[in-house]
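When the chains are written out, they are named A, B and C in that same order, and each has its own residue count from 1.
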Amino acid sequence: MINEVRKKKPLIHCITNYVVANFQANGLLSLGASPVMGDEVEEVEELASIADALSLNIGTLNQRSVKSMILAGKAANQKGIPIVLDPVGAGATRYRLSVIEQILNEVKISALRCNTGEFAAIMRKDWAAKGVDAGEGDADISDLAVQAAKKFKLIVAVTGATDVITNGKVVHEIKSGHAIMSSVTGMGCLLSSVTAAFLTVEESADAVAKAMQFYGEAGERAAKVSLGPGSFKTAFIDTLFSLAESDLHKGGKLN
Amino acid sequence: MINEVRKKKPLIHCITNYVVANFQANGLLSLGASPVMGDEVEEVEELASIADALSLNIGTLNQRSVKSMILAGKAANQKGIPIVLDPVGAGATRYRLSVIEQILNEVKISALRCNTGEFAAIMRKDWAAKGVDAGEGDADISDLAVQAAKKFKLIVAVTGATDVITNGKVVHEIKSGHAIMSSVTGMGCLLSSVTAAFLTVEESADAVAKAMQFYGEAGERAAKVSLGPGSFKTAFIDTLFSLAESDLHKGGKLN
Amino acid sequence: MINEVRKKKPLIHCITNYVVANFQANGLLSLGASPVMGDEVEEVEELASIADALSLNIGTLNQRSVKSMILAGKAANQKGIPIVLDPVGAGATRYRLSVIEQILNEVKISALRCNTGEFAAIMRKDWAAKGVDAGEGDADISDLAVQAAKKFKLIVAVTGATDVITNGKVVHEIKSGHAIMSSVTGMGCLLSSVTAAFLTVEESADAVAKAMQFYGEAGERAAKVSLGPGSFKTAFIDTLFSLAESDLHKGGKLN
């Protein structure tokens, strides 16, 4: 599917955090997509309306940028383009949880991409009475993901050592990537934007799974030529640029 | 001219976007200049007044930073230091076009540095009746640049495969750089700041042309030792640091 | 002490500037700490209250983030976790000096980490009548640092060719690092956060000195494998990841 992404060169409007904005923009460019970043209330609707997808990230949210996310989200819904929500640090503060709830209520999200901890935080809100906890293992995450996909009517992609992707019906599990990816800030944030790029080709759980597989494979390859997180980051951007569809492992990666 | 820049170590006040701020600061440091970044209304006049040049960039503009740009611009005009305006994404939203218009009206800009698409967007506003369009080729851009330089009373530098620099009288055309530069975010933004640094030595179209030539040469050299946009970015910063005046091509680059 | 830092994996809440946020986050991750960044008034108290240390940096301060710094600082004081203040560009504007004064008045800071110029600016405010100036040499800085430590009741760490660390009683002087570190933006900012990580193990001038020593050693090693500031930055992050306690020079570094 990376070939179609590169042919399309989708424009991804990112409302994102200032910690990873540079990495996210460079990752999208290397992949073959085109980032446009802007979070001013006055212009986000127009930015979203010229984009092929919208990527929302609450990493360094503030009251102004939350307003912009809602406005951009509604404009993107109006246009019918996919939206990926990355609920960074969901469990860290009540404010983040309330913003995630607001976004899920007011905007139709195509895919929720997060790590296990964030996902557990989002679901614990609803599931606390049942004692659901991120630490209970992959099986539970997979089960919870199906329930979340049905509840919120979106694709759920929870990434970690094993990535779980589901639309509430089919569940994909992918084991790929490399441990060093957790030592580089923004690896998840960039993945969310890459997911948005893949969704512009086809809005499906399969497209999300292919984004994860591509990304994980790039991580594995970059890790092989790296000395640490610094050189990994550089090699990873290079790999997003050069990794071809024909290079992807053919078997065993997608269950 | 790079020798004079390095001897002067000019302090460049950048009001810029959070996507490229790190790259821009590191690029200026590597070049031999010194960045100072700050966009709070309370302090931008004072920052501009201690600087040797001001670099304005609307990449992730908001209402607060626009106010700061105007205030800093007026302080810079008061002090008589050069100002470079980078109208990032000029054509993307009406808000951006209106902010560019406001800045050009209220602040005396020394040089407008942008890409072909942004330049066409700025000029289309005035030239729409004549059907001017970025797609019509280099000759038109060159002609338009002369007209823009006269109209706005500044140096125009439109960069692309061929860079066009003009003060409305003399036109420089430079073919340099490398295609991979368009796969790294902020290459244009940093160029605008580098231009500001060169203008502190001499406020002329010739100085701008020399900035473009130096930058393009650095890009060509960095591309030769790069595997992709990630390693290019690293090598480019290294090259800005090490490239000497005596290394620059002597002939054929400046028309 | 780096072993204890890595074992603890302290969570460092950074309210920092958008120029260096990415570098700071990656540096902390590479070191073995964990960054959380957020500057929204609505959530900073909660973020600080889940963190093991707070790192305040005024590099691109604005009225909103200053409010957040004060709120987070008070929450951190409430919890009893260490706070490091990095008064970036202290001397550049009156606004910065007034904000530093406000923070020092309203928040109990554990360590002030700055460069010689910033330190002189902060002290000149009080010491102008005595004509104290940064240019007067290391001896004066050392003396001034002791006075500042007593006056503000905190650890002072003034870094430069020679780092001076004092709690007002004991003075550590460390000569380490490499000149190229001054060509990379955020080297001081990241050091302040690394200092915060070390302080979570033990809140003492000795811990701050060990952070400086570790950081300087990493800089020396990274410089040896670098071609310029770009490759240095990458190698430095790699070195923060791989440098072991047993690799540190045993003698002559700490006076």
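The rule is simple: a residue touches a chain if its C-beta (ideal position, glycine included) is under 8 Å from a C-beta of that chain, and two chains touch if they have at least 3 such contacts.
Chain labels with UniProt names: A, B, C = Hydroxyethylthiazole kinase.
Predicted model only: the values in this text are computed from it and were never measured.
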- Homomeric contact subunit B (Hydroxyethylthiazole kinase)-subunit C (Hydroxyethylthiazole kinase): same or different residue positions, threshold half: different
- Message: Please compute the angle of the rotation superposing subunit A (Hydroxyethylthiazole kinase) on subunit B (Hydroxyethylthiazole kinase) (C-alpha atoms), rounded to a multiple of 5 degrees.
- Response: 120
- Which integer distance in Å separates the CA centroid of subunit B (Hydroxyethylthiazole kinase) from that of subunit C (Hydroxyethylthiazole kinase)? 33
- Within subunit A (Hydroxyethylthiazole kinase), the set of residues that touch 2 or more other chains is 18, 22, 233-234
- Task: Could you please specify the touching residues of subunit C (Hydroxyethylthiazole kinase) with respect to subunit A (Hydroxyethylthiazole kinase) in the complex?
- Result: 18, 21-22, 25-26, 29-30, 35-40, 42-43, 46-47, 50, 64, 233-242
- Query: Within the complex, which stretch of subunit B (Hydroxyethylthiazole kinase) touches subunit A (Hydroxyethylthiazole kinase)?
  - Reply: 17-20, 22-23, 59-63, 89, 92-96, 182-186, 226-231, 233-234
